[in-house]
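This is the structure I have questions about; it appears just below.
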Amino acid sequence: MKQLNIGIVGSGRIGNVHAQSITYAIPEARVVMVTDVIEENARKLAEKFDIPKYSSNYMDLINDPEVEAVLVCSPTPTHADISIAAMRAGKDVFCEKPVHTSIEKILEVQKVAEETGRKLQIGFNRRFDHNHSRVGSLVREGKLGNVEIVKITSRDPEPPSPEYAASSGGLYIDMMIHDFDMAMFLAGSDVVEVYAMGTSLVDPRIGEAGDVDTAIVTLSFANGAIGVIDNSRRAAYGYDQRVEVFGSLGMAADENDGDSTVRVSTADGVVGDKPKYFFLERYYASFTDEIRAFIKAVQTDGEVPVGIHAGLMSVVIAKAAKLSLDEHRPVKVSEIYGG
Amino acid sequence: MKQLNIGIVGSGRIGNVHAQSITYAIPEARVVMVTDVIEENARKLAEKFDIPKYSSNYMDLINDPEVEAVLVCSPTPTHADISIAAMRAGKDVFCEKPVHTSIEKILEVQKVAEETGRKLQIGFNRRFDHNHSRVGSLVREGKLGNVEIVKITSRDPEPPSPEYAASSGGLYIDMMIHDFDMAMFLAGSDVVEVYAMGTSLVDPRIGEAGDVDTAIVTLSFANGAIGVIDNSRRAAYGYDQRVEVFGSLGMAADENDGDSTVRVSTADGVVGDKPKYFFLERYYASFTDEIRAFIKAVQTDGEVPVGIHAGLMSVVIAKAAKLSLDEHRPVKVSEIYGG
Amino acid sequence: MKQLNIGIVGSGRIGNVHAQSITYAIPEARVVMVTDVIEENARKLAEKFDIPKYSSNYMDLINDPEVEAVLVCSPTPTHADISIAAMRAGKDVFCEKPVHTSIEKILEVQKVAEETGRKLQIGFNRRFDHNHSRVGSLVREGKLGNVEIVKITSRDPEPPSPEYAASSGGLYIDMMIHDFDMAMFLAGSDVVEVYAMGTSLVDPRIGEAGDVDTAIVTLSFANGAIGVIDNSRRAAYGYDQRVEVFGSLGMAADENDGDSTVRVSTADGVVGDKPKYFFLERYYASFTDEIRAFIKAVQTDGEVPVGIHAGLMSVVIAKAAKLSLDEHRPVKVSEIYGG
Amino acid sequence: MKQLNIGIVGSGRIGNVHAQSITYAIPEARVVMVTDVIEENARKLAEKFDIPKYSSNYMDLINDPEVEAVLVCSPTPTHADISIAAMRAGKDVFCEKPVHTSIEKILEVQKVAEETGRKLQIGFNRRFDHNHSRVGSLVREGKLGNVEIVKITSRDPEPPSPEYAASSGGLYIDMMIHDFDMAMFLAGSDVVEVYAMGTSLVDPRIGEAGDVDTAIVTLSFANGAIGVIDNSRRAAYGYDQRVEVFGSLGMAADENDGDSTVRVSTADGVVGDKPKYFFLERYYASFTDEIRAFIKAVQTDGEVPVGIHAGLMSVVIAKAAKLSLDEHRPVKVSEIYGG
């Protein structure tokens, strides 16, 4: 099969990750062009992986007939417009999450995807993680019976700066959005209601900036299951990423990945490795696998594994969670969208 | 030291457990009398452990000058009155939980305890479990730093009959009461607000009987920590009892106890033991240890490790949870008591 | 069923353990008499568990018609003669290991058992351990297929005094004898050849006393399987007791027991409990269970689970191992016995 | 730093692995030429990774002035001569194991390395494995105190054909050679004596072909430690690769890697993943890391982490083990070499 020609908009950290994956691990595709508003970044990325073309203007990429599919890895506020432009230009699109912080804008992206018939995949990479995806598979294979309880723990190793927290849109949309998508993935069902608790225990300046750094959100799913997510911006022992699904036939739960399986027994106890600390190290393979799945969907005209519905609902739920926190009451998802 | 003379009111399952513990494992005390409204039960228990006296009337025990301390193991509605009578008669009292389903009645018990100055311990045995108590110790020793998140999973192996569910007062007071107490024990702080989710996924007849069998309750603690408890009336793999405390310096979590540490590796996977199935097997040692602690408190005039405050607040929280479920809103504990 | 009347010869540590087990956990039997060459020890033990009779002369016990079965818990050199006397007096016998350090003497015991038809069980308690017995069950149920490799790790928390080591008969008969029996139990087959390595790395005085404190012994079994045992007299992390059986269909392995299942995750790592430190704590339940099995065999006229063959072969193998070490060559078990 | 120009002799499986590692994961080097006696294989490999030159004659590569370092990935019998030719031509050499099955030939390679002063690294990749290397680091950092016992378990998922077994030189040199090197790596000491057990339990045709498929070998190290290796040609549950080091301060042990950390709890038990099945998947990263270390040694003129001594001694021990099996006695390594 002919290699798929890919263009990457945005040459920052995640753009680099995808360029590296495609170059080294996905022979079915190649990166033919990269862009970045800072041309130097695009040039460096192009050089690093022998990418033939680069530009500071993403429209150059979108108008390039050689580019068949576009990865939108630019800053969040630009995701939607670039995706729309790319689809209108006939390209298939992989868009990092969140698609946008405005529901209306996401709906506009959705509309264009429908009108143009282009593939549109959203970058919820954790669905492709070797641990979480296996739990998801067990659910879909029916090994756990009817899903009754979904639990997700997601804790960062270090808090962001208070400035970042203030400008991030808040923990629910900046951090927990991944978990909202994971919850729907694991439950196999949409969320219909949320109740959000949140507080600032890690860094008081985050609280002063109007955000929370420690949070628990409970979920009601359309299929009758219930769930809970807990987040912290700081775990002393590293990046804590665990999920658990409890069903009528049993439970599947995963543990964190460490650097080794070694356990050291001394007079002080039996000590094993901490969880991997850095999200790129922890989730590296999942970034490769989501892009591989996108390329396969394009090349075989198959369905993308994570569509715009996931992109939409994750933001809707995050907004419902924020409303729940603000008004201190359970909030129906339909209050935000679809009511 | 002279053996403490103990009388047991109620010769059912838990009365038998305590009699066995004292006879076989606690040389500091002995059981001198047992009672049961069904005299035959009292007679059998007395015979089984060579207990000198038995009666069908608990007042015989309370009026017996040989009896120094009373274990109240009778049906729940009688806990409070028997405890009050025993304390008024100058006996120290160990009372099974819940003390009563009426807050007023519990307050009356509390008042009598204060007036008489007798010891009064409530039977929250799980605090003495080898796993959970170790997590609690780590919290109190400061090894986890400030407590930020408390998580408790508690799932029974099999649901009760719908009839039982209907008459039990509901899952929150019948089952989750243990977890409310555990949450306060682990957080080292009282609960100030709850939000309860509950549904009937295990047995529709439980739902028809007005109760829930699957539940998630979130908690706010007075010290600023937040928490969550999930319960199910049926876990296909057995009795699931786990706690986790997350703090500023780290996390402590326990796993279920199995019958062995053996893992079998075959072409089908690597298989370990299921959790112990029966609560008496799982928690047997904790029943012994709570009684041992009670006896020590009596003999050394020390503080009982689980006082009436725990008995009161666990019921208060259960009622707040039920109100939260009924009114579909977060409920302050002070709405139920102390407001 | 009528309670079995048991007499215990030897009121030391293990005599106390058995007395406690029978009194508190085995209602099918009772201890009616205990003896010890130091009468005070016997008196104390009798008092502790309300045992009616005691003596400083074991023949008083053997001649007592009330005693139906005898537990021989006296020092090793006396095991054989007391067992013989008891069987000749018509008593069933449970004899601690090793039966004797002389093969001839063990054969004499065996002969008397055959002549008198009395039950004779040897005290290899580890076969009854919840972990190891489960591995043995998997072997016998065929879940692992044909046994191919047996591995046993057995390490004490602290070395004995050099004086003890010098007088103990050496590590192979004093410590590894348990593992020789365990190896045959797990393989379901006798050992036919051994090769012994041994050295003194823990305490040079043990080496100067002519003994080893660190040892590896390989085994060939009659059924074609092979095996290896490693021993150390000192493990910094506690009492290390693990077995592994590898067969054509898979492997079963156990892990050590700890005091709790708690794992603590901090910046220093993920720390779990050390193995239980003291053998009586680690193996307490197995002592109860071997006695329970003995009593059942007596009362139902069934076969004892650990017969004189195990008592004989474990000593034979220990002697073969010592010869192997001394002559630095593999030694056939038939060189010691049965050739 | 300038990229190191590498030539690869042998374009089979392992040649491909190294070419891929260098191309995708080691920017410090590039492959400039590959060879294979089957030219088609060399051509394909060159094409796959955009390697400029290929040949069917390894002397073309050795005589190519652009090639600075050579990876010898050809069949075992040719390792020594190609390594010698390359070193004589001034190239640094990475040579797959075993260097040769003849001690004399290995000594010749060693002599040429000394004479020419070229780097010569031997391909014992497992030293670079994330699990085993961590155990080795703990030993070298002194965290375990003095090494006393080393244990290695190494079991293949499936047996080779009897034909392969017959021509492989036998299990000790074909399979256990890795473990001999690992044992010395973990003990930090040479082996001075071995005793080998071996039998054919997996496939009788392997026994008929004069080889064993199930083996236990005990080891004495120069530093006084003792050790044991067990091998099987077939583990029903996959590729079993575990090491354990026991020292005066404690123990370090690793577990197998699985595909995920998920555990599934159902009525049938708690099931985790089997070990990874295929050695290339299990050890992939270690192949990359050994080449990275080689390149670093060349570029910094540092010491190679695995020198010819390891290549020599592993073969010497394998021969000693074979002699031990044949003559059924412990064999000093000095009987084979260095005596």
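Note that the chains are named A, B, C and D in the order they appear, and that numbering of residues resets to 1 at the start of each chain.
By definition in this document, contacts are C-beta pairs under 8 Å (C-beta built on N, C-alpha and C of every residue); 3 or more make two chains touch, one makes a residue touch a chain.
Note that the coordinates shown come from a computational prediction; the quantities given were computed from them, not determined experimentally.
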Identify the chains adjacent to both subunit B and subunit C in the sense defined at the top. A, D
Look at the interfaces B-D and A-D and say which one is made up of more C-beta pairs in contact. A-D
Using CA atom averages as chain centres, what separation in Å is found between subunit B and subunit D? 58
Please compute the C-alpha centroid of subunit A, do the same for subunit D, then give the distance between them in whole Å. 40
Residues of subunit C that touch two or more other chains sit at 235-237, 240, 249-251, 263, 265-267
Report the residues of subunit C in contact with subunit A in the complex, numbered from low to high. 235-238, 240, 258, 263, 265-275
For the subunit C and subunit B complex, residues of the former touching the latter: 23-25, 130-131, 134-135, 138, 143-144, 249-257, 259-267
Listed in rising order, the residues of subunit B that touch subunit A in the complex are 145-146, 148-149, 151, 153, 155, 195, 197, 199, 201-202, 214-216, 218, 220, 224-228, 230, 232, 234-237, 240, 246, 248-251, 328-330
